[in-house]
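I have a structure here, written as structure tokens, and I will follow up with some questions on it.
Labels run A, B, C and D following the written order; every chain starts at residue 1.
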């Protein structure tokens, strides 16, 4: 889940939505796993350009510190993630979001055959970035590939090259459909949301409708008047059922939301030269 | 889950049954909660009369140490428990089974209004036992009440008095239906399994049929020839669907299994004098 | 360690002093234990009257989340504590500071013979407060005794009665010198610091000199000009060696610091009637 | 600490020596760090050829499960390790001993400039072994280099090549003295103990004297008659002061102990071709 808008207490974002993050970790509705209890993380922009991250291996619903902190934090841009491990160890360094300088990155999905592809991917990471890798997940490897291919300058181009690399590497190792991903990344100003899978059947990804428009659709809804006009959510599952509120990001696309900006671009893998 | 019989590797008991403990923690079938991710514990009799306990607050499915140890332990009597907290903190001292000297105790269920009844229950615990209480759950409080009322000499009588005390205490505090419990306890030789609730609708509890009888019913089943003839399981959910294998412990009853012993007795609350 | 003064980033308080909290947990200089690695906690006043608490059982120096959060929090009143267990389990509910409504409480020391005195102390806690006790330490028991005896109205009087109760209970159980304590407590506006032990040899406790005075003593010290004039520290060990900066709280005393307030009062046990 | 000899309860090895492992983690006497509280691990050979490992990130002295398990395990070959992190995260996958098939490996020391050398070392690991790496430490990287260079066939030769590789890689990156290590490794039958550092000043490493000889030196010592005649300890610090009991492994050497075998061989780095 990603939030962008007027500074709000993290508690409102994590614990108060009709279908909150905490509830989501217990009963993920559209996810593959029925239980996402392999750790969680929260990244937010506050004091200074580098975001803070709070990550833990306990199930989100068991961490009293999370609620304590959420009550004290106000932020205009928050990432929250609940993890269902696809095999790598349950440890803080494998929890999302990952951070590099002012960038946050979180991922749902999996690199099929990562066991076989990992070494290729690691070799392709820029040697100056390589030592910064802390964990052992496919998600972090993908992040560092994207950083290698220019994420901080051109996010859509860098992600296209990262998945292009993985597709090519998959072909070399006989893995037909290596990529299954939805990704959200941010520099603290905009959010880029990517949806792509080798077989064209990615997990769901939604962004919320402009609040001004939503208020016209649902003038009776108090909560819409409490949200700032710049508010955007990017989620893997709609936070509540509300007609017209949620727009699915299409397959093979990148959605971008930011100050005065909303855009959908096509996304296809580009094999790095 | 409780096992009694020939010494078996704990791994076979925890990870190999068709519907194993690990699977159970992810997808409890008959339980109230859909996810039991608030810690787990294992108690077993090995070297010496005092059982060992291994307990942790991680979800059972995330603890690599559990599998390591389960491979190395052979035991004739094992208790395993997965916890779904009813409000008390997720910490090792609140995980089951609880131990006192050579006794193990584990509980599914809840004392309704425990917040209000706790002080009464604690005051009723024998002062010499009181300092041994380590955690803050209703389950451990019930254990120490039963110990106070003679568990080590007469388990069914002691449990009858413990629930009698709670019923009376509930009446004093205006809590109509305070008890909802299934309990298993052992001294290392026998297992006592209790099922009782104030409203007569306890959670499920089953014990397995005598293996010799089961072999006659299912002569083709290899696995029954691998199990020793003394084998008994006590479970809140059948480990696998097998006709004639599982006997439900009736409401308001105590089931006893042990060497050459199988018994069902009625259980009703007795208010301690 | 307690801080009172202009809102400062927690990071400056925890990680930047010459002899910071983190260093302290590794090499406590004056403490009894050489290593304080049994958990830590931080409580602070931020949004709203009820303080937030962040507590964990890892050693403070191993918790990356602590540093992340400390960078994002600004507070005018912070408590930080590192625990060396005297026997009770290492679990979050036993970590300091403890909180009740808007009050924080932290303790260094021990109740001798707590194993024997615990039941008496628990019985003396007001029944309406009793269910709020979460952990199993002597420190939290002392807090709830003080709350029972009027902490929120008259902190010095309540603490005098709480230690009076423990002294009397100790006499009944043949424990000659039951109390060894330094305590800090706050309602978000003032800090009360208590030093008392049955044998008159309490652990050390210091409060910092008024900043305006300190600047006159050390006009060359930049850091004193960065601190607000209302700044006060209450510590068990001086944060850095600086002539005139630290005033020892005498035995059997209560020090009070708050907005425009600095006071030392004698403290002697008062047996509750 | 490594033990080799008649099967003994792990409890005797970990908790009963005069200067036990638990004490060692609190007050390491000869180590660089004054506190080793960044996790611990135990590996032992029991049922089956593959050893079991129990590892945790809590300080060893805080893990009640460790004592529970130690009471139930009997083993002829046990490795135990307490970690003081040199910068990599405190997580189970970074705790020693590391395991590959029937081999255990544990390391005290550090690769200087590991941040710069890590990529080279990882590239040198055999691609078929690479995906088995779980953590992020220099110690595990060294293990996989040694496995790549033939550890399972020729331990001393493989370790010589592994350190040869690191020395050469250090020269390429301008790191003059990259290696500082003591290592113990085992296949379940013998123990190889290595002591080497680039500057010739490695941490201490001792092996115990043959028990039959020791009994002649100290006929009055009961404990020597309780130990089997095949008993050997390999330790970084002597378990107790006892004249003639401890032999220092010299710099740049490999000590080998096993059934009917005791040997010291010189060890020098060999750059792999």
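Some notes on this structure:
Note that in this section contacts are C-beta pairs under 8 Å (C-beta built on N, C-alpha and C of every residue); 3 or more make two chains touch, one makes a residue touch a chain.
As the structure is a computational prediction, the values presented were derived from the model and not from experiment.
By the residue-number overlap criterion, the interface of subunit A with subunit D counts as same, with over half of its numbers used by both chains. Copies subunit A and subunit B of the same sequence differ in orientation by 180 degrees, per CA superposition (steps of 5). Per-chain Cα centroids separate subunit B from subunit C by 41 Å. Annotation for subunit B: residues touching 2 or more other chains are 64, 89, 92. A complete topology is adopted by the chain contact network, contact being made between every pair of chains.
Only residues 26-27, 34-35, 37-38, 57-59, 61-62, 64, 85, 89-90 of subunit D touch subunit C when the two sit together in their complex. Those residues of subunit B whose C-beta lies close enough to touch subunit D in the complex are 9, 44, 46-48, 52-56, 64-65, 68-69, 71-74, 92. Looking at the complex, you find that subunit A touches subunit D at residues 89, 91-93, 115-116, 118-119, 122-123, 127, 130-131, 133-136.
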